[in-house]
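One chain, chain A, appears in both complexes that follow, with chain B as partner in the first and chain C in the second.
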Partner chain A sequence: MQCTIPSKYIKLFAKSIQCLAKVGEDLYIHATRKELVLRTLNSSRVAFFAFFLNQKFFDHYELDENNERKFAVKLKSCQAVFRQFDTVEQCELRLDDVEDRFVFTLTCKHGIRKVYKLTYEEVDPVLALYNKDEATNTMQFHSKKMLEAVSNFQNSNTEISLFVAKNAITLQSHSEETVTQQKTRELKTKLTLDVADFEGFHVGLDTSITFCMKEFKAMLAFGDAAGQPLKMSFERGGRPLLITTNYFDLFSADFVLATLIDNSSQSGDSSRDTDTKSTPNSNGCSNITPQSSKRSSYLSPEPTTPLSRRELLSEVASPSPYVQRYSGDSAYSSGGPIVSSSPSVITSGSNSIRPDSPQQQYHPSSVNGTYNNVYQGYDDDDDEVPPSPPPDERPNKVQRREDGYRSHVPMDEEDDDDEEVPSSAPQ
Partner chain B sequence: MSDDDSQLTNNNGGSASGAGSVGNHTTQNSGKGDEEQQQFQFVCKIDNARILHNILSALAYKKDGQMATLSISANGLKFTVEESNSFQGNAFLQQELFQEYHFSSKHEQFKINFSLLLDCLNIYGSGASFVSLQIGYRGYGHPLLLLLEQGGATTHCGLSTLDSEQLNNFNFRGHNIVNKVIMEAPFLKEAFDELDWSSTNATITLSPNDFRLSTAGASGSCQVDYPHDSEVFESFECKSHQTNTYKLALLSPAIKALSIAQKTQMRLNEIGLLSFQHMIENEDKNISFVDFFVAPLEEDMNDNED
Partner chain C sequence: MRFKARVLPDKATLFQRVVSTVLQISKECVIHLTQTKMQFILAAEITEGGMQVWSGIASNCLFEDYAIESLNNNEIAFEISLDHLQRALKSGQDASEMLFKLVKKNGVPYLSFVIEKQGQQTMSIVQDVPISMLTQVQFSSYIEPHLPDPDVQIMMPPLKILRNVIDKMKNVGEYLSIWANMAGEIRFKVESDMVTIQTSYRNLDHPQIEGKSPPRVNPELEAEGKVRVKQFSKFLYSYQVLPNNVVCCIVEGKAVVIHILLDDLYMTYYIPMVVL
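On to the complex of A and B.
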């Protein structure tokens, strides 16, 4: 596989690598006949970024014998390649099977030539399930404005909430007040934006979503570099926030961020219970929430849980063995993560996994429902966990709190005890 | 006077202490009395201590506790830092740099705490006004005395001296100098910055056509090529193709020093000994040199691929 990036797009490519590097550790590259796809997933599996570079983006794009290649490299190494890209005149990417390296060859000013040979791993890419058309709320904006707005928030806020109503958009800092934290030490920020700044502003339902700030900022930084408007679409808390941008037909990017399940917005769900249960994953539908809402009816009211985010990005359902079977060496599919998903989810998940499905599920690694775990990376130490949930969890939809699985949102009003659930340890 | 002497020698390491027979405390920049001067084996005075600090910081590669050997001669001061017999850095402070330089014909050499010396030189911070400096040394067993003054405030420092070991003489010129390259410092620094600093070794290859830096680590390898006719070279002389590997940790002081230098000359002799000569332009437009020697790694019999 070999391709050359024209000098005018080197900056864009470098910025996309830098953006991906802020999010995840591994860069999953999928070279198809039509395009080169770069994907990454963050360690806590709440953010998934994908860049689709059409072959027209490149000066020269060639696959050996038209074979698709799928592999992964370390983002840190890629980032080092593009640390200083202003003197770069030409950049060539090549998968060298002889030396078994993924090679970046940069030709720079003054005749300087830099060659980086990175080790790679042949793995299937990690994929997220999301549906671009599903959203009830959409809006378009330019990253500059959003960056300015977000810069008002402290860096210590890991999450930010976006609230939209027919004619109001508000950004608010989100705090997880736990018993241990002191409520008095927090600075809450609330910022209202003018609807006029957003094109294509369409709000189906007043809603509020909360998502992680760091990845959002990384995405905005890229958007700023690309200079194109960003289109945001979302439904409600618990469903993924999808932001897309594209550079004519050469380049498009999808940024998927998981959102916290919103306490107040659960009410409408039960009616959509069985909705997408059997929707095959290959459609890319995120069909999880309905599951969770269904599940939720069996759950005792509990505060917001991180699970919703996980659910967003994964077909939580499938126990690892299924995924393992089809996902090859994907790091994310190995053992641990999934575990003890809710029974119903499991079933639906497994139904839809297909070997030839272009998308496959990846799943959260943590079983622990504690809020904090969401961002601290789902426990990799859960890898030891046996892939399939213990039999007794399967049969009925009874959710056991002990497994710390919280996907549910209390039926009652939003209360501030979003504390972590004293969840039991994961198995 | 001797009382004052002992007061100073009692101090361990450096001290910004009061009393001392190093000149007058009250007024600025007054030289030492003749009488006192006789007692000193060596005295020198410079109006802008920042120049010294700038040059010497090229040798500072450790955060703390770095030792250096100071050699006092008729030509000037030479500070030397060494590491495991494979690395040496030298900073020359020629006597022309100083406003006054009284050398008593006794060549002195001793070790001092280099980090502490730099801290003393920088004691007034990096403000705008000049800091004047006097250095005095009475001889073996006495501390190295520094008197710094800025805007009426005086600081006396006494740095304990240690016996110095024989300095390595790399005898660079003992073997033919095979390759010589003069480059602008920022370019070379950039080249090294591109390398993967997590690897332990860096390989430098010089051939008539190009100059190549490469590293190999766990995550892959990186290589930067400079063709001989590139504009980054002020001069490029290569008599024979040479490849040598050096420990990155030993190269790093020389690379760090590049940030202060304007130009550097890299030379390789037959046995692969690498020498860097950094040219630093001082605030007063004088030129000073700092050089580094790095010994190559022995050829490894086993190939480490990957």
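On to the complex of A and C.
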């Protein structure tokens, strides 16, 4: 796989890498015949950013034997490549199968050439389920205005609330109100914006959503660099907030942010458990109604049997204390089957998962809890559930998920003991 | 207990600068509001090493529509976190209107700033700065230090220049020795095992105290003391306020007192002397 970025788009590409670096640790790259997709997921799984770079964006785009490549690299390393990009005249990205490295070659002014070789892992990208058309509230805005508004908030505020009504938009700082009502010594900020500043402002129902500020700001910073308007669409607390932008037909970006569940809706006992696996029937899931029957329709396009889901659940155990709640997996393992890549798949809930606040657990602790998590999905191709190894045996192993898919590190060369490879094609 | 005021549009910057200057010393501060002035107090218990800052500004200098009402002789005192206050004031930059008042929300007292911004983007912002009220008893424990009359009083050289000098000295040693006489000379010295750096200024003025005839002071009178460089350099942040006068008073064996004056604003820094 090889492609070259022309000098006029270097800045845009660099900014997208910087934006992704503020969000997640790993960059999932998926090179298909028609586009290069860059994706990342933040560690607490409340933000998913995806950049779709069309073939036309590049000067030269080539896939070996037209084979799609899917792999992941560390974002910190990519960020280092693009730390200073004003002298870069041309950038070439290449997967070097001989050396087993992902190579960035930057041709800079004054005849300087910089080559960065990054290790990579061949792994399926992490995907989020979201539906662009489902939203009841939409609006369009320019990042500059929103950046100015958001700059009034203190950086220590981790979350921000957006409230919309027929002709009002308000941004408010969100503080976690503890049950014990201790004095919150935080600055409370509330900002009212003029609806006239937003084009395409359409509100179905008065709503208030709360989402992470840091990732929102990262997205705004990118939007500012791209200079194109951003389209925001959302429904209500618990459902994901989707922001999209595109740079003509060359480049489009999707930013999905999880939102906090509206505390007023849903059942009274919000889940306070921290162990996902042991409480399969907690009803504190995000937007999902307590009746179990509805769960499946939210979670996957094709309902699979509860049994298969449970098996997958145990398979994707994670060593990280934070992630245990969602019984999610570490970044690399693709865990469950992956949703087919069309973005218009039925939405699933989104959770704002806050590891440090046990009171607000919208966590996917239902049976299909994990899969309540936006960022997992079901692959149409999977027709067999892989055998589930004991949780502690597979921390960060790259698994072979599908047929004909070569793992970067062939399993038999591993020194480690855990060798289980559910390589059979899922049913 | 009630309080509200509107910030004069062209004074918002000054207000901001005062807050950011005091913020350099400590985040937590006590604000005391009376009918005529607003005081910022950083007392010894809060700051490290016992440096104190007592600053006051006439209310009609910064505000209009100033209304204060309380059972305690119409005075109000509270603790506030200056970084929150600074954030709130920053939102008010270029605002068409900024007013603030004391409110209680959910039983918690706040200083609530309501800011209207016009121009490129119309916005209305509300910033609620959390505060904790101080009772009369609590506040009475804050007393401005009383020191004997200073031995030497001298006007400081321009703060911007002095700041660069002292910044370099910070790295050399821990203690700064200040010597001055009543003939317009001041010297700053810092020492370490390997090097001694001394900067002297001459032809400085001496402050005239209003109302009194210029004291017939012996020009030979001199005073000296050692202070911690770090504390001394903190007072130098006050250059942002663009003061008219900066007076340095040395009370031998006790403290170095620096008065910063600008129209209706005064800032007094009490820097304790170190006796080695």
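Quick note on the criterion: the second predicted complex is superposed on the first by the 258 of 427 C-alpha atoms of A that agree within 3 Å, B and C clash if a C-alpha of one lies under 4 Å from a C-alpha of the other, contacts with A are read in each partner's own complex, and residues count from 1 in each chain.
In this section, a residue touches a chain if its C-beta (ideal position, glycine included) is under 8 Å from a C-beta of that chain, and two chains touch if they have at least 3 such contacts.
Keep in mind the model is a prediction, meaning the values are calculated, not measured.
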Overlaying on chain A: chain B and chain C, fit or clash? clash
Based on the superposed arrangement, let me know which partner A:192 touches: chain B (first), chain C (second), both, or neither? second
Please indicate which partner A:11 is in contact with in the superposed arrangement: first for chain B, second for chain C, both, or neither. neither
Determine, under the contact definition given at the top, whether A:70 touches first (chain B), second (chain C), both, or neither. neither
Should A:113 be classified as contacting the first partner (chain B), the second (chain C), both, or neither? first
Classify the contacts of A:80 with the two partner chains as first (chain B alone), second (chain C alone), both, or neither. first
Select, from 146-154, 164-172, 218-226 or 290-298, the region of chain B that bumps into chain C once both structures are placed on the shared chain. 146-154
Where on chain A do chain B and chain C both make contact? none
Per the touch rule, the chain A residues reaching chain C in their complex are 145, 148-149, 152, 154, 183-194, 197
Sort out for me which residues of chain A touch chain B in the complex. 74, 76-77, 80, 83-84, 101-102, 110-119
Quick one: in the complex, what on chain C touches chain A? 81, 83-84, 87-88, 90-91, 105, 108, 110, 120-130, 132
In the complex, chain B residues that touch chain A: 187, 190-191, 193-194, 196, 218-227, 229-232, 306
